[in-house]
Amino acid sequence: QEKTITIATEGAYAPWNFTGPSGELQGFEIDLAKVLCERMKVKCEIVAQNWDGIIPSLNAKKYDAIMAGMSVTPARKEVIAFSDPYAAGLNAFAVLSDGPLADMPGTGETYSLDSQEAEANAKIEEIAALLKGKIVGVQGSTTASSFMESNFKDGVDLREYKTTEEHNLDLTSGRLDAVLANATVLAEALGKPDMADAKISGPIFSGGVFGFIAVGLRKDDTELKAQFDEAIKAATADGTIKDLSMKWFKVDVSPRG
Amino acid sequence: MDYLQLMGFGPNGWGYGMLAATGMTVAVALCGYLIGSVLGSLGAAAAFSRFMPLRAIAGFYTTVLRGIPDLLVIYLFYFGSSSVISAVGALFGAEGFVGAPAFLTGAMAIGVVSGAYQMQVFRGAVLALPKGEIEAARAYGMPSFLLFRRIILPQAARFAIPGMGNVWQLVLKESALISVIGLVEIMRQSQIGAGSTRQPFSFYLTAGALYLLITFVSGRGFRLAERRAMRGVRRAA
Amino acid sequence: MVIDFPFLWESFTTLLNGVPLTLQLTALSVVTGAVLAVLLALMRVSNRWWLDLPAQAYIFVFRGTPLLVQIYIIYYGLSQFPELRHSILWPFLRQAYWCAALALALNTAAYSAEIIRGGLLSVPAGQIEAARATGMSGFLLMRRIIFPQALRQMLPGYSNEIILMVKSTALASTVTLMEVTGIAAKLISQSYRPIEVFICAGAIYLAINFIVVRAFAALEYALSPERRPAPASTADQPEKARA
Amino acid sequence: MRCRRSVVPRPLQQPTSRRKPVPDPAKTPAVQLSNIRKSYGEHEVLHGVSLTANEGDVISILGSSGSGKSTLLRCINMLEVPNAGSVSIHGEAITLDQKPGQPPRARDMRQVNRLRAKAAMVFQSFNLWSHLTILENLIEAPVYVLKRDRKEAIAEAEALLARVGIAEKRHAYPAHLSGGQQQRAAIARALAMHPSVMLFDEPTSALDPELVGEVLKVMRDLAAEGRTMLIVTHEMGFARDVSTRTVFLHNGVIEEEGAPAEVFENPRSDRFRQFISRDH
Amino acid sequence: MRCRRSVVPRPLQQPTSRRKPVPDPAKTPAVQLSNIRKSYGEHEVLHGVSLTANEGDVISILGSSGSGKSTLLRCINMLEVPNAGSVSIHGEAITLDQKPGQPPRARDMRQVNRLRAKAAMVFQSFNLWSHLTILENLIEAPVYVLKRDRKEAIAEAEALLARVGIAEKRHAYPAHLSGGQQQRAAIARALAMHPSVMLFDEPTSALDPELVGEVLKVMRDLAAEGRTMLIVTHEMGFARDVSTRTVFLHNGVIEEEGAPAEVFENPRSDRFRQFISRDH
């Protein structure tokens, strides 16, 4: 019973999923996909697909699953199904080290928008006061952009970018005062010399709109969803996901709660 | 990592990947352009036809396909063709994704769009032809297609070649859009590289250089064609 | 596929908000691009290598690289140089709007220059010589004889270019500008219904371009009286016997 | 089909010049025009012209500038579709479709093309194909329309070029030829078609007297071979000496028609008398 | 500047035809060509032609097709820059720059344009501007080159069009005119410039005998006003009766030159004798 499933990833979202010089896919999700497939006892093929066409192509049955750092959102749930989460979405602000926002309150701390709702909201209010009149960049149509829209609607000039590198470039050029993005992706980018002048400022948020990252599946593919759910549950329980997370992100993003 | 190493052909170099992507760009663009030439010349012929319905179809084709975003055409071709083919496949019990090959779809989509532009170029060129020479051909009994092939086409080439060069450039750039249907061409490869290494400039500058290289080579071709087409034309000093 | 009319209508009205920006960017870049293009085309046909060569190089680079790369480099690339960030240009280049307009104008100039050159070359040599023989030359010859004829010849090609510019403004969304395509991308990410949203966006672009096409057809007609059948004889006196 | 027969020419019912020779009913006329009308916009250029050319006829068409000579010639091979009247070539009438409110057009372009290939034309403005060399101009239609063998066509074309005296220009493009050379090339191009009917529109206008003499000699030879020719010309001498019939067009109607000896000696129309008297 | 003077014509040192009238030193010649050579590629068309036209001269240029008549005329107003030799108009020499290995070119285009405006040309192929109506064709250069008042230019243009008999075509485009009408428009366009020198390239080729007579009358009037004219023509009658001097060009050299009475009665060159004998 060697069933084969095809999993799509973006291949350009280091360190979650990215491409090596010779074209081989690498990253947290690639390793995880191999683990999950092994547990599901299926043969897996991982393919790269441009982000813009990733959901339509799933529904057109070009492949069977998506593992591309995709957060579970209500809008996406309208068109596709999600498995149980395999990672939590941690987000943070990055700013210029010598700018006025360099030391926002809560730097170094982590707040869950679900379990620590009151503290988190207090921090958000403090930060909102600081961000008034500032320009903030986010990647368009991500949980970061919905977080900004729901919590910093007025007073902040919000700019949407196609990719995280682009808003990072505008942060270093001074067109932006801050960016909000996935903490693991930011951490990776801040390690490069181009972004030596920038740093994380303010707390890391989790839960709430940031929610979780899960495998995207076709709605009618309930059998496959059950298989993924089971495999992910097991991998979370025995710490496999945590190990992979530490390997790729140096922090633990495994889903809690 | 310095630039040369990044774009080189060593173990950590992206050279082979970029080269392969360049090949894909050229292949898709070339196929699309040729399909477009056929459609464009048929369209131009229809635009000058004696039959009203043909003229109307040609007008509709060029207006709509130039008017809508190219990405929409590609989406419609790709997902449209795959849902049709899947539906047909389902009738025969096939399951899962049955789609036209991505390359074919991409080339067709680009061909259909570029045909609409090429039709305009041809039309303009035909309008510039000396009327008397066409009359002479008619007077010698040339039927429409022969007239088109032997007299109009070679002469129109003179006026069309600069415009055709423009459309070729357009097609080259347009081929970047086919990445949404899963083909890895120069721009998609650069985007992958930029996202994977976080060095966007190295990749986008290289992409620009690769396109320039293609342009340079094809530019020679167009220059030669222009010189050939201009045989017999007297230029005022 | 069931058609969801309320969704289509909602997308359509949302997308309309992007139309003014799309039109502004097109108009701005087409006008400035055209001025630059005329200069470039004149340099190309000048028969002087020191004018021709720079124009050729310009056209080669701007036609030869994708507009996306040009916008990227003008917007993200230039801003990486601290020198530029401290120059008087920064207030302009800081803004995505001007960067996009600049990139679009520089790009269309290169394409239009080739179209104009084709038009200039199509003017029959005999008619140019007739003008020279009366003592016309340089700008006068260009303005009175060559350009009016070249204009007719290049109109179809130039309408192509303007339509392309309308569509190219879509790339402005890569530098955070929310024109029609930018809004469409956003709608798609909220709804994951690319086909429907793109059909709405397509309808808007088609409408704009339809107006462009019609306007050019009207202009072509107006400018080419000599291609039409002759009007009624304007004789206000009957044909005189010359006897 | 019968009902559409009304467009077929009925020359005898048309008001024609009194001197018009009654056609021999045994011979089909090579070209027969009946009651041709042609307008550009509102401006009627031909007001009902009827003309019959029998096989072997050499008809010279005279007339002042703007009288409609070129238009008449162009109506014969349907480069201009007449607004009314009918054209037949070798007895075959060209069927015209006339929809109300629209200009008439030929119904069957295949028929028109077949007939055109038999009736070669030399244009007033030459209209050589500028993208082809002179030799290529000559073999183009024979090879591609008449499907003649290319080698033979070339051999014949070279002979024709030698005959009109521009053999050494055979690989030159038309733009690099002098006016007279272009005109000779245009004549040779028409001859290369072996047409049974020839339509010449001022074929010697750009030639010097010496060459005029030679071209007229070529035409005389052709006439002797029995080809039918319609020649618009300003060469009174040629009209008088070579043509079998002379037609004088004035303001779109035939004012005078007849054997040259007759009309030149004894013109009936004042206008024609005046026209020939100015021949200085 | 002195050192460059060597390009200024020295007609008396050139080997010219023996009959050439010695120019009156008091009068500056209107047009003076000395030792003009012109090649297209390897093919030399003019092999050193010298010619002087004094004010009021009417020079008819005869020659067989391809002998270089049009080329000679085009060298006068620098539409073709001669490869060697010099041109001066009203005593003003056009300075040519000759860089080694390159074709020569006029040094000062402003000078050339000034002189061109004085020397109007009628082209063998008319070259009317196709985007302008006939009336606009006539006023174009007077208004924009000579900066004449537009109203006056129109009034004058209409008078000229009436004179050549195409007044009713003034708002038509060239493409809608017959050959002869185009030629008359081209003549009128040249006359509208009030040129002091006129270059006519077969100005009556497309005209019927009646019109030929009228155009030649116009030219006679112009000659009477003292304009200088160089006319390429195949009208022997005109050459004989109107021109003050006749030049016979053959294969790029002047074979015969002199007063018409003299050369026609008593041709020195065999080639010319043969040429005129064919005038049938």
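First chain written, first letter: the chains are A, B, C, D and E, and each begins at residue 1.
Throughout what follows, a contact is a pair of C-beta atoms (placed from the backbone, for glycine too) under 8 Å apart; a residue touches a chain by one contact, two chains touch by 3 or more.
As the structure is a prediction and not an experimental result, all values here were calculated from the model.
J.: Shortest hop count from chain A to chain D along touching chains?
T.: Minimal hop count between chain A and chain D: 2.
J.: Can you list every chain in contact with both chain C and chain D?
T.: Touching chain C as well as chain D, we find B, E.
J.: Farthest chain from chain D, going by mean C-alpha coordinates, please.
T.: For chain D, the chain whose C-alpha mean is farthest off is A.
J.: For this structure, which two chains have more C-beta pairs in contact than any other pair?
T.: B-C
J.: CA centre of chain A versus CA centre of chain C: separation in Å?
T.: 40
J.: In whole angstrom, how far does the Cα centroid of chain A sit from the Cα centroid of chain B?
T.: Those two chain centres are 37 Å apart.
J.: Averaging over Cα atoms per chain, report the distance between chain B and chain E in Å.
T.: Those two chain centres are 52 Å apart.
J.: Take the average of all CA coordinates in chain B, do the same for chain C, and state the distance between these two points in whole angstrom.
T.: It comes to 19 Å between the two C-alpha centres.
J.: Quick check: what residues of chain B touch more than one other chain, meaning two or more?
T.: 75, 79, 83, 130, 158, 200, 233-234 - these are the residues of chain B that touch more than one other chain.
J.: Give me the residue numbers in chain E that touch at least two other chains, ranges are fine.
T.: Each of 79, 125, 165, 175-176, 210-211 in chain E touches at least two other chains.
J.: Can you tell me which residues of chain C touch two or more of the remaining chains?
T.: As it turns out, chain C has residues touching two or more other chains at 76, 80, 124-126, 129, 132, 152, 194-195, 227, 230-231, 233, 239, 242.
J.: Chain B touches which residues of chain D in the complex?
T.: The contact residues of chain D facing chain B are 77, 79, 105, 109-110, 113-118, 120-121, 123, 125-133, 140-141, 144-145, 173-176, 193.
J.: Quick check on the complex: what are the chain C residues that touch chain A?
T.: Residue list for chain C touching chain A: 76, 79-80, 85, 94, 173-174, 176, 178, 182, 185-186, 188-195.
J.: Which bits of chain E are touching chain D when the two form their complex?
T.: 40, 62-66, 70, 124-125, 165-166, 176-181, 184, 202, 205-213, 234, 236-237, 274-276, 278-280
J.: In the complex of these two chains, what residues of chain C are touching chain B?
T.: 1, 60-61, 63-69, 72-73, 76-77, 80, 111, 114-115, 117-118, 121-122, 124-126, 128-129, 132, 152-157, 159-161, 163-164, 167, 170, 181, 194-195, 198-199, 201-202, 205-206, 208-210, 213, 227
J.: State the interface residues of chain B toward chain C in the complex, per the touch definition above.
T.: 63-64, 66-72, 75-76, 79, 83, 117, 120-121, 123-124, 127-128, 130, 158-159, 161-163, 165-167, 169-170, 173, 176, 187, 200-201, 204-205, 207-208, 211-212, 214-216, 219, 233-236
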